[in-house]
Every structure is written in structure tokens, then in C-alpha cells.
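Pasting the structures in now, so scroll down.
Here subunit A shows up in two complexes: once beside subunit B, once beside subunit C.
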Partner chain A sequence: MSQVTVPPAPIEVELRPAPAVEMRRAARLGLSGGAAMVLMAATGIVATFQARMAIDPILPLGLLFLYVVALAFGWMAGQPPLTLEGFAPAKVDGRNISAGALAGGLAGLCVGVLVILMTVFDLRGVFVELSPDLIEVLSFGLPVAVAVPIIAAISSVAGALGAGMHRLPVRIRRTLLPALIWVVVFSLMTDLFGQLFTGLSIDWMTTLLYPRRGGPLTITGAVIVFIAFLALYWYLAGRRTKLRQQVAAMPRQKRLRWSAAATVGLLVILYFVPKVMGPFVSQILVTAGIFLLMALGLNIVVGYAGLLDLGYVAFFAVGAYTAAILTSPQSPAFSPQIALIAAIPFVTLAAAVAGIVVATPVLRMRGDYLAIVTLGFGEIARILLNSEWLAPYFGGAQGITNIPDLQIGPFSFNTPQDYFYPIFLFVVIAAYVTLALQNSRWGRAWMAMREDESVAEAMGVNIVTAKLSAFVVGAILASFGGALYGAQIGSVFPHSFDIVVSITILVIIIVGGMGSVPGVALGALVLIVLPNLLREFSEYQFLFYGVLLIAMMLKRPEGFIPSKRRAQELHQEEVSQDAWLEIYGEAGATNEPVPEGQT
Partner chain B sequence: MTHATTVTAGPAGPTRRVSRITPVGVFLWGLRIAVVAVILYGSYLSISSGRLTGSQWRDLVVFGVSTGSVYALIALGYTMVYGVLRFINFAHGEVFMVGAMVAFYVANGLATTSLWVGNPVVSLLIVLASAMLASTSVAVIVERVAYRPLRGAPRLIPLITSIGASFTLQYLVRGLVGPSTKAFPRVEPLRGTFDIFGLVILRSQVVVILAALVMMAGLYLFVERTRTGKSMRAVSEDPETAALMGIDVNGTIVKVFAVGGAMAGVAGALWGLVFPSLNFFSGFLPGIKAFTSAVLGGIGNIVGAMLGGVSLGVFESVGPSLVLAGYEIPAFSQLKDVVAYSALVMVLIFRPTGILGERLARERG
Partner chain C sequence: MALLAIEGLSKSFGGLRAINGLDIHVDEGEIVSVIGPNGAGKTTFFNLITGMEAPDEGSILFGEQDIVGLRPNQILQLGMARTFQNVRLFPAMTVLENVMVGQHCRTKAGVLGAVFKTPGQRAEEAMIEEKAKEVLSFFGTRLAGYRHDQLSLALSYANRRRLEIARAMATEPRLLLLDEPTAGMNPRETVELTELIGQLRSERGFTIVVIEHDMQVVRNVSDRVIVLDHGVKLVEGTYDHVSADEKVIEAYLGRPAERKG
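The block that comes next holds the complex of A and B.
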């Protein structure tokens, strides 16, 4: 081994065969998937969603969710190993599919065991969701002895299908998957699309997809959606990269003109959004907008400056309470009753002061301790707002009610549809500030600090101002969110400023992509709109957030729409090189010729 | 950037930096003095008012010591994991909560049998063992699923993952057993008081303090005397060198999580004896407080965790009546958690190395 000298430039290397998928790994994945499916059943997710049909008479949503897990674990089990330097690219063959089937089958067996346990023992004393209804749902109303093999078989087929996806040519996979996802989206968002079609007065679409008004997607509907999106993605498949290249090749002037036109077009569409969507969806969008505003602020603190602030909700509370005290006639101690617009400078000031007060003690702290201290500050703020002691100023648990609506000149904002515009305006300002700061002196200082505080300081970045400014800018954006929130709801209560709000905002920026504005926007839309549109979902919202947080950190820490720089930072080490070294070591141990030796 | 701006910071050497009075330094000293003044004046006011008698103060202290020993047991998990992996296992509070939940269900099941009344020691041991088993399994599973794939990742990544794990465990338990608050069944022999050297102490508190002491001593011996303990210390000192010396680093880390989880399980079972109500969110606050204890005692330091836990417990139990009542704050018991969080913030800001000093081989941060 030690004699082998690395040749300067290997010209032709005989490639070693790629390692095949491991059945043991597949079995392990199958058991993990089984655990996930059992937990889904036992937390009531399956039974809750069973009431809603994904595709009208044949596929209820609960079972769809359950077997999608089997599909996902089958996909993982059948995934060919990374192609490593010196190895042939992995082939996908029957072995991959059987690995998927094995994983799916094992997962299904776990569910089968749960069904058997439920029929033999009464577990409801501890696990409240294991009701007889659940047995009925899981076993399709069949006797247990018949049901268990059927469950395992369905799950196994789902796993094999998942693994089989690796066999499909890339273009077909890229077409098929989004089309299937859109079918699920259409079946989940019946209210949203129904409202959209009504708003656009294309009611025939509703008749086509959801013949029962407000009812589920039918088979015909599902097929139509599937084919339409299949065609769309097939058409787009080759053209997207070409279009991107064309845009990149455009002269700067022309590109700017195009993007200006696109922005104007987008603004026009957004102008009509609340009119088309009606009050219910607008209310959800307004909530999402407020969260987006806060997420953009936290994005500066966490995404740019790398300061994990877990008490961010405190700044939201500062904004909401400052605005409430200044505008509401019900404010207990001090009630100047000025207009919200006039209160905004004071809100900004209060938030800046709060930002400095929180940031100054934590200036010398790094990473994890900072996170815990800010969490402490956030909780202290909430408990104080809730306390009897400060009730003469903040109203205690009763909060401050009767906050007047926003009024700008002759325009009064009353309904959620009205509020869409000011909130959208603030979001645009926040996004603009964020983007402008990104390449400014401040932004560069923040990012340098995020990457290495000591080096940044040595390079002349003033850590004190950088930290303070990040906290202050973040606090101001959150306080705007708070002020608008209070005015829109009409009241503020301390329990609205719980730690879960901070965590929700954190999940938004992590899922979207830390440091990336479009990513944060996507995160807010998906994570706030989805649970609000799907009533059944709100029960499991935080469980979903928790799982999502772990999954993102493990698989894609840079988020779905990553900022380039952040992604580079997170993937500094070459993954394939590490894996290569590992295999190299094993190959050496078995005394097989190592590829580098044979030129 | 022009040349003129780059040279400004030039001649400021390290000595000048330290001696220079910065606005931040002034602010922090002002804060320190203000906090001490508020505490002292509040204590003076409330002691001179004579609102509480000597025995009431003593009860508060004893109660503080017993809750503090539970915090100390949980703090061990934080301290040991921080020692080897340098990250705050945010989900540890939930590991404790799972232990308490299991203890509740086992105790509830046993409470209807004759064993509960006939042989309370055995039944309590069963409760303890099942809570330990549950917490250990959860701690090990969380390590395997959420933390192990992240070895060597940037420092904030495992912290965020542990927040995710904490949320997942909370809402998983909520989904599995429902959101209702559970009441721990009564243990008849533990009602009433013991008279120890003229001190009248609730029996349950004596049991909690004793059990915590025994576990703590056992853990100390385990870490200091056994081979496994030695490998844990070695990994905490320097994982790479430990690996070169033939220590299975990953295996040792799993053991650290398992031991921390077991201690959290004991804490969960004991918690039921002191505070008989429990829901899926019950792990959050004790978790935060235990982390404070770990930092207060000096993170990575096992004896420190005990000391930190007891100090925090006493401070939290005496603090509201001593300081807040002095200022005649209405309903000051509402602010009990503010006292705990303030202690957390103050400790982290002013004494992040703790009372006994950190036992960390590598620099934090």
C-alpha cells in the first residue's frame, strides 16, 4: 500500500464496478419507514385525513399519506449509491426495485403488526388515537388475517414503485413527478382552486374538476390535471435551461428592461389577487404576509449575520404592543389614540431600542449560548406582558383590544382584502431592503462575521456595530409585522407571542433557504398557507414543522432555494471525495488492487 | 474600500483593547450593578417586612433543593453531551418529558394493583426502571437519527436539528397520548413528613433528594472509575486522538447519550413525586432550567451540574418571595419563570464558565 505512488495524471483508469444497493440497508430503511407509518397511524394523522378524499371515490387522503411514506422509503432503498471517482456509474436494475419492494413490504408489515396489536389489546388507555375506527381504516374493513398481507403487499408495491423511479429516464421522471405532485396539490387545495375559478369566473373548471361544489377532486378531474401538467412539464423540460441561457446571454440593458416588465406584470397580477381570492383566502395570505415580513427580518439576523435568535417573537410583540398602546382607546395607562401611520416612527424607534437592549448583552456570545439567551429574553417578554404586575400598562392576559384599523388619508382598511395591499407593500420594502443590504458594506460585514467572527474582526469588521445593526434591522422588520398584525386582528394578547412563533419563522427561513429572499417567500407561502387552508392539517402543523426542520438539516441545510454563497459554505467538503476515501480504505483492507495503482 | 479606511485600527494592541473603557463594557457593568442592587434591596425589604417566618423560608429552601436535584439530574445529560459534541441538545428536555410520561402511565397502571399499596418500594423501582428505559431509548434514537449524520457540520446545524427534534418529540407525544394534563397517582407512604435533626421535611422531597444524590454519585463513579467512563472522558478531550487510541468514538457518543437519557428518565420519574401534573409541554421549562444549571455549574462538569441544579432550584424557589415580594409586586408567583429565565440570561452573560469552571478541553464557540 505505502509503495503505491500516485501517478501524476492517470490517463486511462480501469473502472471498478459500482457497489450495488445493499439489502441490509433496504431492510433497515423499511423498518424505519414502518416506524414512521405506525407513528402516523398512532398520532391520528391517517384517521383525521381519511375523511377527506384525495381522488373522489377511490383514494382517501389518509391512506394516500400513509403509503406515500412507503413510496418514499422505497425510493431511498432503491437509490443507487453515489458514483465515486474510479468507479463505474451505478446501474439501476431489478436489484434496486427489489430493495424498494423489500423496504416497502417491511414497512407494511409494521403497520400490519400494529393492526394485530390493536385488535388483540385495547391500547386506547394510553394511545388515545388507536380507536376501532383506525383498525377499520387500516385494514380496509377486512378481517385481520386477510388485511395484514394486503397491507404488506400494497406497501411493497408502493416501495417498488418508489425504487422504480430511479429507472426512469431523467426527463420522464422530471415530468411525471411534478405532474403527480400537482394532482395532490389540486386534491388538497379544493377550497383555494374553487375560489380561484369562481373569482376568475371560469366556473366550468370547477364543474370539470370538483363536480360536487366544495367537494373533492374526482377521477376525471385528477386525470385532467395530470395530463395537463404532464404536457406542460414535457414541453418545458428541454426549454427551461435554454431560456435561462438566453436570459443570461442578453445584454444588461435588455435584461433590465425585461425584468422591469416582469415586475410590472407581477404587480398587476398581485393587485387582482385579493379581489379574485375572496376574504377567506385573503385572510390567509395576510397572515402569510405578516410571517413573511418577520421571516425577512429574521433572515437578516440568522441568514446573513449567523446569529441564531430564538426570541425573535419579542420584537414582533414590541411592534404590536407599541402600536396598540399608541392607537387603541382601550390602552390602560397611556392612550394618545394617534393613527397607525403616525405611530409607525415610534414603533420603529421602540423596536430599535429593543434590538439594542437584546443585542448588547449578547455581543460577546457565540452560536448556541446566544440562541438560548435570546430565547430567555423572548420568554421573559411574554411572561411580563402576561403578568398582573404590568397589567396596568399592557392589560395583562386580557391584552389590548379595540385597536383601530389602518387609515391612510381617505383610504380605510377594514377587510382582509384591504389589508393585503399595505402588508404587501411592507413585504416589498422589506425584500428590497434585504436585497440591497446583501451586497452593501453592512451585508458583507454580516456575512464575514457569519463565516468566521475572529477572522472578520481581524480583517477590520467592527463586530459590535455589525451585531447591533443586524439585530436592529431584524427587530424593525418584525415590529412592522407586529403593528400590522395588531391593527388587522384588532387586538393583541400576550399568548400570541409564544415561542412557537419564533420557531415557525425559523422553520420558514430554513426550509426556504437561509439568506435567500425568494426562498424565504416560498417558505412563508407554503408553511403558513398550507396549514391554514387544510383545517385537518393545523392539528399536526408543529409536528410537521419539527420533522421538516430535522429533514432539512440532514438533507438540504441550504434550503430549497439556496443563496449561492450559503450553499458553498455548507458544502465546503467534497462529499464524493470523503466517500471515496472510505471505500479506498476498505479496498485496501481486502488486498484488492486499488484503481490508482493500475495506470 | 480605500487605503485610508483599512489602516485606522492599526496600532491598537491587545493590552490597549482590554484596558479601554467601551460603551458596551460600561453598559454591562451598569447592568451587573443594577441587578445586584435590585436583588439586595428587594431582599432587604422583604426580610425586614417579616412577611414569612423562619420555617416558611426553610420550607422554600428545601423545596428548592428537591426541585434543584431534579434539574441537576437533567443537567447531567446537557453537560455530558456538550462535553463530547459541543452542542446544546435542545431535545433533552423532551427526553425527560418522555420519561415522566412513561412513569405516569406505569404508575397509573400499577396504582390499581395491590403491589402499589403492598410493596411501594418495588413499584417505585418498576416505575423508575421503565422511565429510564424509555428515556434512554429516546435519547439514543434521537442521536442516531438526527445528530450522527451531522458530525462535523457547522455548529448551528445540529443546534437547529435539536430544536426540530424537540418539537417533533413534543408533538409526537401530544399526538400519541393526547393534549390533556395527566395527574400522577398518589404514593401513600410518601405522604407526610420526616423529622430529620429537627428539620421537618416532606417525605417525597427526601426521597427525591436522596435518589438524585445516589444517581449522581453512581454516575460520578461510572465516569471516573470505569473503562467506559474513561473512554467518554477521552472522547470529550479529543475525539481524533481517542479514535487513534482505539476508542470507538461513535459507540462512546451513543453511551453518553444513553447515560444522559437514563438520568433524565430518573428525573422524569422523580418529577412525578414533586409535581404531580404533566403534559406534552412539561419538558420544555425543566429542560431550559436544567441547561441553566449545567452552565451555572460549569458545562462539562458533573459535580458542577449538581451544584448548579441545587443553586438554581433554591434561587427559583426563594427568589420570588425574597426579591419580588419585597417590591410588593402583585401576584409575584406568576413571575417565577421570569426569575429562572433571568438567572439563565445573567449566568450566560456574566459567568458563562460557571461556578466550578468549565471542563472543556477545546474552546467553546
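The block that comes next holds the complex of A and C.
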């Protein structure tokens, strides 16, 4: 890909001073932050996690969550505006920090108002979580008149600190921030790290960081983690770019050799992951792998071909049930049992047929209509599997049990640790297929259809074949996920295949980055692995999903790691040169006319 | 001989007769302009012959074949490609990819070929890319070099029009239908494109039907001009013949007011 070209400056123009940080915006952000903090208090997050220490014994998690919001909004308020072409780069000064302090202070005041309201009125009739305990927590046990200014002050300091981050030299910021984040990660995922240390047989680390078994991170532990990561990031800063340049400068032969070595190293590490992490984490990874496999399949249907399929779970079910019927001795209809590996061709075939069956009636539908119809298909699949009518074949609500484990030659896969490897293999295959299709004749035809169906057809794309093939490829990938899922769990039930699965897969692609393989992988990590590792917060899982989705749609609609084209498509205005042209006038423009009005 | 022969073509939208009993023929190697006031049915005429809309009546012979009832992609395959009045590219695809889509109908690799990277598929893919680059080179430096990898939405208006022509060229058509190719272009670009239309015939051997409002362009490119009004063919002939015709002037400017007394 070539770089975005900057029009050459024909005349020397003095740069305009950058606009200063707006206090009005800071105040608005402060009020938004306050609303978020009040919401957190009212949903019970603060009070619930007050007993859980983030850093034992000084910082309870509840308060950490609360004031991190003030910090984040202070950071936003103090953020210098984007430097547009033709403008001088923005300076960060005391004004930015004041903006952060203002935002934080206002947010704190909102919490203060909540405390006052709670003491004056009894709001528990409506908001169950607004208990006297919460007043106690928020006001630190002090009288309200004293507590409110203190809350505002703490919040204001948090906001100023957040804004102050922009003031720090880049290298220090890039060191400090990740180190702080790692401290929080260590304090949240105590079990994970405990397991990691046990698996690596370095139990003394556990003793050092979490002296109480399964207990919180201690202050000593926090300091150790902080310093360790500070040192690590300080060492890495600057070296990373240098390394990247070195790699880029390498001759092709050498680079290939290095990347091969890196791949082998990565595979070796991956080989040890399930062994070190134990059954609990492995199970999470296996689940995430199955979702990732399906997400990659749906990515072809939605991301490439633009066919919004809300009933994608149906193909997952087809795979799971086909494999179950063929392999389980308990399956009601089909007695000969074959090995899962031998069943895979039949699973593929069944999925292809299912893909065609779903695609055929929706061939002439577009957009919203297609989404609704596929949603219906997903539900029909589940209801049919659940029905008494088809119970002689699918077992009805009892499902199919006793599905034997996967067996390949002498290797038998029993535990979640064992399943990690075949699932990883299938994910790699799916990722490869996704990438191979991207730059292929049908990949382009799908994208053309996504962009404009009628024009794609007028340009020679057979829409019928394009839709069918996209559905079939997506269906096959999902069916592999289903087959592995059934074998790993040992049984399949209709209720495992409800609409939530479809929605989750869709959210994975949207949050991760539609059309991008690393993006989808990160989406699965954030939406499947993280909630499972943070089980203690499971009560708030969907709140987190909701906030994440809204925030993503507002700030980063292209997803975490978008494909290049989507990023460009969704940020056109930011790339456009309006500010530039305003100064340079027509002379600054290229010799081509700027498109105006005409579309 | 006639490459395109249309007889008694009609199409109504509700009570509106957009095309009304149209007879048109286009000979191999001709450049024919279709002109007419707004709403005369010019774009509907294109939509009908490319299969994007179904005619109510009439026959359309392309080469020897009756193409009424064929899908747009089948008609394209037979060698008839078009551009659109309101530029309809694939915005989130690169310039090169847009043109490569044009080659879809001339190639045949399947999904499995792409997954297994068969030698045939790889050779075909290289051929498609080469063909696309060759087509883009027709526009000189306008769509060359780094522009290949730019998303088509990042192009200027004039370049979008050029890219649309390139995409149509990549389908290797016999008949090229251009719907207002110079709309929204500045005078210099219009002159440039007028020359290009000539070259499309002389260098590439396309037969061309062009809908155009710019009379300068019409005069410079066309062998023959067809004037449409209210879905009916008003006049047909050389530019000079047509531009002198009273009915044409009337259709464009209106009838002089009747004098009383």
C-alpha cells in the first residue's frame, strides 16, 4: 500500500496557531464522566467491589473503578486537539491540566450530589443499590459536608493526573501508562497469574505477589509489578522502532529465515500454553477458539459479502448435530458410529446443503430484509431440534449425549488441554481461507456485491452464485466449530444454539474489526476470554458489552484492528484536506477539481 | 452489419411511458450519441438493453441473439458493458480491484481454486492483474502508480468517471455504453475525454453508444445522433442534420408562442 500523498506546498504559508483546549468541552466531559460515575454507583459496582481489594490493603477495587473514570475523562478533557495540516502542532500547558481538573472536579461533584441526595431522600425504593453502605463507601465514613468537597477534590486530582499524562514526554508516558495498566491487570486476574506461576513452577512469585492464596495483590506485589514493567517498557521504548527498521532493511532471504524462526518459536510457546495454564484457562481458550472459528466464517458472509446473517448459529447447530448423530452411540436415528475425523466430510456436506437451503430463499433479498429472514432461520433451526416431532432423530430437548471424544490415530483428545491443539489447527485453517479468499476472483466479487449489488451484477458477477458460495463457505467453517464443540462437551442440546450465539459472533467481528483476521481474533479475546477470566464480575458482563459497543460505535466504528480499507472508509472526513485547502486555496489543490456536491 | 438491433421497445412506469415503441440499430464500429431533454428516457433505454430493467414489449437483438429476459451479468458476458450517470463504483475497493472485478466474467477460478492456490488459479490471477493494469494505463498517468492501491472513494470526480470506463473496458466488451461520461468535468477534462472516446474506438475497437448533454462532445465524437423525447425517437442522423431539425429545437427550447391576430 502506498502512503497518503501530501500535496506539495507551492508557497510558504505561515502555520496557523493550533486551537486551545476548550473549557466548555471539558465541562461537558466532566458532566458525562459524572453521569458514568453515578451510574456505576447506582448499579452497585462501587459497593459490591468495595470488599475486594485491588491493592491490599490501601486501594479497594470499588473506589479504583470509580476514580479511574474521573482519570479517563480528565485525560480526554486535556487531550490536545488533532493537528490538522496547515496548523502548528498543539502545545500542552497548564490549560490542559486545568481542563482535566475541571472535568474531574465536575464529575466528582456529581457523585457528591448523589451522596447528598441519598442522605436527604431514601431512594432505595427505586434504586435498590443506593444503600446506606454505598453512602459509607462514597463518603469514606465522613459527614456529608466534609465528604463532598473531598470527593470532588480526589476526582479533580484524578482528572488533572489524567490530563497531565499528555504533558509527559512521550517515552515516559509510553512507559508509565502500560506499567500502570499491568498493575491493574495483575490485581484483577489473580487466578490467572497464580495458575501461570504454578504452571511454570515458580510458585515463589505467587507468594511474593499474592501472599494470601487466591487473595488480592498486595502493595509489595503492586510495587514489584510496577517496577518490573516500568523497566521492561523503558528498555523496549525506541528499540521497537529500531528493530522494525532493522527487519525492514534485511534482505528478503534473511527476513524470511527470521520470520520462519519466529513462527516456530511462537508454535513452541503455543504448544506449552495449555500445559502451563491448566484445564480452567484451557477450557476458556477452547471456547474462544470455537467462537473465533465461527467468527472467521461469519466474517466472510458479513464482512466480505455484506450479507447480514443473524441466524448464523443454525450452521453451528448443523455441524454439531451432524457430527453427534454420526459419532454417538446414543443418537436415536443412526446406529452405526464412526470416528469424528471420518464424519468431517459428512459435516462439510451437511453444512453446504444447509448453506444452500438458507441462501436460496434470500437470494433476491437485501440488507434489513435479509437480516430478518436469516434471524428467522436461526430460530427455526433451534425450534426444530427442540421439537417432539423430530425427537426420534435429534433427541428433542434431551439432545444427543455420549458423543465420543476426538481420536486421530493413536492420539485421543479428552481434556480441554488436548482440544486446544485441534481447535487451534482449525482456526489457522479458517484464517488461511479468509486471507486466501480476500484477494481472489470470488473475494472481489463478494466485495463488489457488498458495495453495490446491482452494479456488481451489471459488471458480470453472478449474484446467485456469489450469495450461495458466501453462505456455503461461512456455513462450513461454522459447522467445523459445531463438530468440535459437540465432541469436546460430549453432548449437544438445542438450547446451546440460541440467538445469543449469533449475536455474540456478530459483536466479535464488529468490535474486532470487520474483514480483518487479527481484528476478529482480538474481538474473540475481548468478548470471550476476558469475561471468562473475570468471572467475579460476571454480573456486569452485559453492562460491559453494552458500554463497549456504544463506545466503539462512537469512537472507533471500524473496530480494534480494522482492515485498511474499512479504516479509510469510515474516517474519510478526518483524512480530507479541508483545513489545508482553506489556507492554500486552489493553488494548494492538485490540478484536479475537488468534487463538490456532485455524487 | 447491425451489432445492436432494437424493435418496438416499450417500458412504462405506472402511467408514464418512459420508452414508447423505440426502433434503434447500432452498427459495428459506430459511435452513436443519444441526446434528449431531461426525462426523455435515455438512461431507461440503457437500463433496458443491459438487462437491469425488463422491457414491457419489444425485441433486442445483440449480435444474433435476443437478449430480452437475460440477467445483466449474462448480457455483460455477451459483450455489452456500461457506465452510470451517477458514477457507481465499488467505493471501499481499491482502484485496481474495481477494474479487476470487470474481469470476473472473462475468468473462471472458483472458491476452491483460491483456497488451494492451484497453478491455474495463480496464473489466472496474475493475468487478471496484468489486464487491469493494462486497461488503467489507457488513461495515462491519471490512474497510474500509487493510485492503483487507493480506495476508489478517495478519487476526484473526474477520476471516478475514468475508473468507471476502465472497469467497463476490463470486461472486454464489443459494445460500450457511456452514460454522460463528461458530466461534472471541467472544460479541459471534457476535451481530454472526448479524445479518449475516439481512441476507445480507434485503438480498442469498441462500438460505442454515448448519452451526452454537452453538444460540443456530441459533435466531436458521433457518427450518428439519435434524439429521444418522451420515450420516442424524434430524429436520427448526423450532428449537422439533427441540430438543424425543427423538432429537436422545439424539444429543447419549446415551441414559439402563437401570435394572436
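The rule is short, and it goes like this: the second predicted complex is superposed on the first by the 525 of 599 C-alpha atoms of A that agree within 3 Å, B and C clash if a C-alpha of one lies under 4 Å from a C-alpha of the other, contacts with A are read in each partner's own complex, and residues count from 1 in each chain.
One rule holds in what follows: contacts are C-beta pairs under 8 Å (C-beta built on N, C-alpha and C of every residue); 3 or more make two chains touch, one makes a residue touch a chain.
Bear in mind the structure is a predicted one, so any value in this text is a computation, not a measurement.
Judged by the touch definition given at the top, the superposed model places A:Leu384 against subunit B, while subunit C stays out of reach. By the touch criterion defined above, A:Val128 lies against subunit B but remains apart from subunit C after alignment on the C-alpha atoms of chain A. Judged by the touch definition given at the top, the superposed model places A:Gly460 against both subunit B and subunit C. When the shared chain is aligned, subunit B comes close enough to touch A:Val373, but subunit C does not. Of the two partner chains, subunit B is the only one that A:Met365 touches; subunit C does not reach it. After overlaying the two complexes on the shared chain, residue contacts for A:Val433 are found with subunit C alone; subunit B is out of touch.
In the three-chain superposition model, subunit A touches both subunit B and subunit C at residues 460, 569.
Those residues of subunit C that touch subunit A in the shared complex are 50-52, 71-73, 76-77, 81-82, 84, 86-94, 97, 100-102, 104-107, 109-111, 113-115, 117, 121, 124-125, 128, 145-146, 149-151, 153-154, 156-160, 167-168, 171, 183-186, 189.
For subunit A in complex with subunit C, the residues that touch the partner chain are 1-3, 5, 432-433, 436-437, 439-445, 447-448, 450-452, 454-463, 469, 473, 565-566, 568-569, 572, 575, 590, 592-595, 598-599. Interface of subunit A with subunit B (complex): residues 39, 42-45, 126-129, 306, 308, 310, 360-363, 365-369, 371-373, 375-377, 379-380, 383-384, 386-389, 460, 464, 503, 506, 510, 540, 542-543, 545-550, 553-554, 557, 569-570, 573. Of all residues in subunit B, only 5-6, 9, 22, 24, 27-28, 31, 87-88, 105, 145-146, 149-150, 152-161, 163-172, 174-178, 288, 291, 295, 329-332, 334-335, 337-338, 341-342, 344-345, 348-349, 352, 364-365 touch subunit A in the complex they form.
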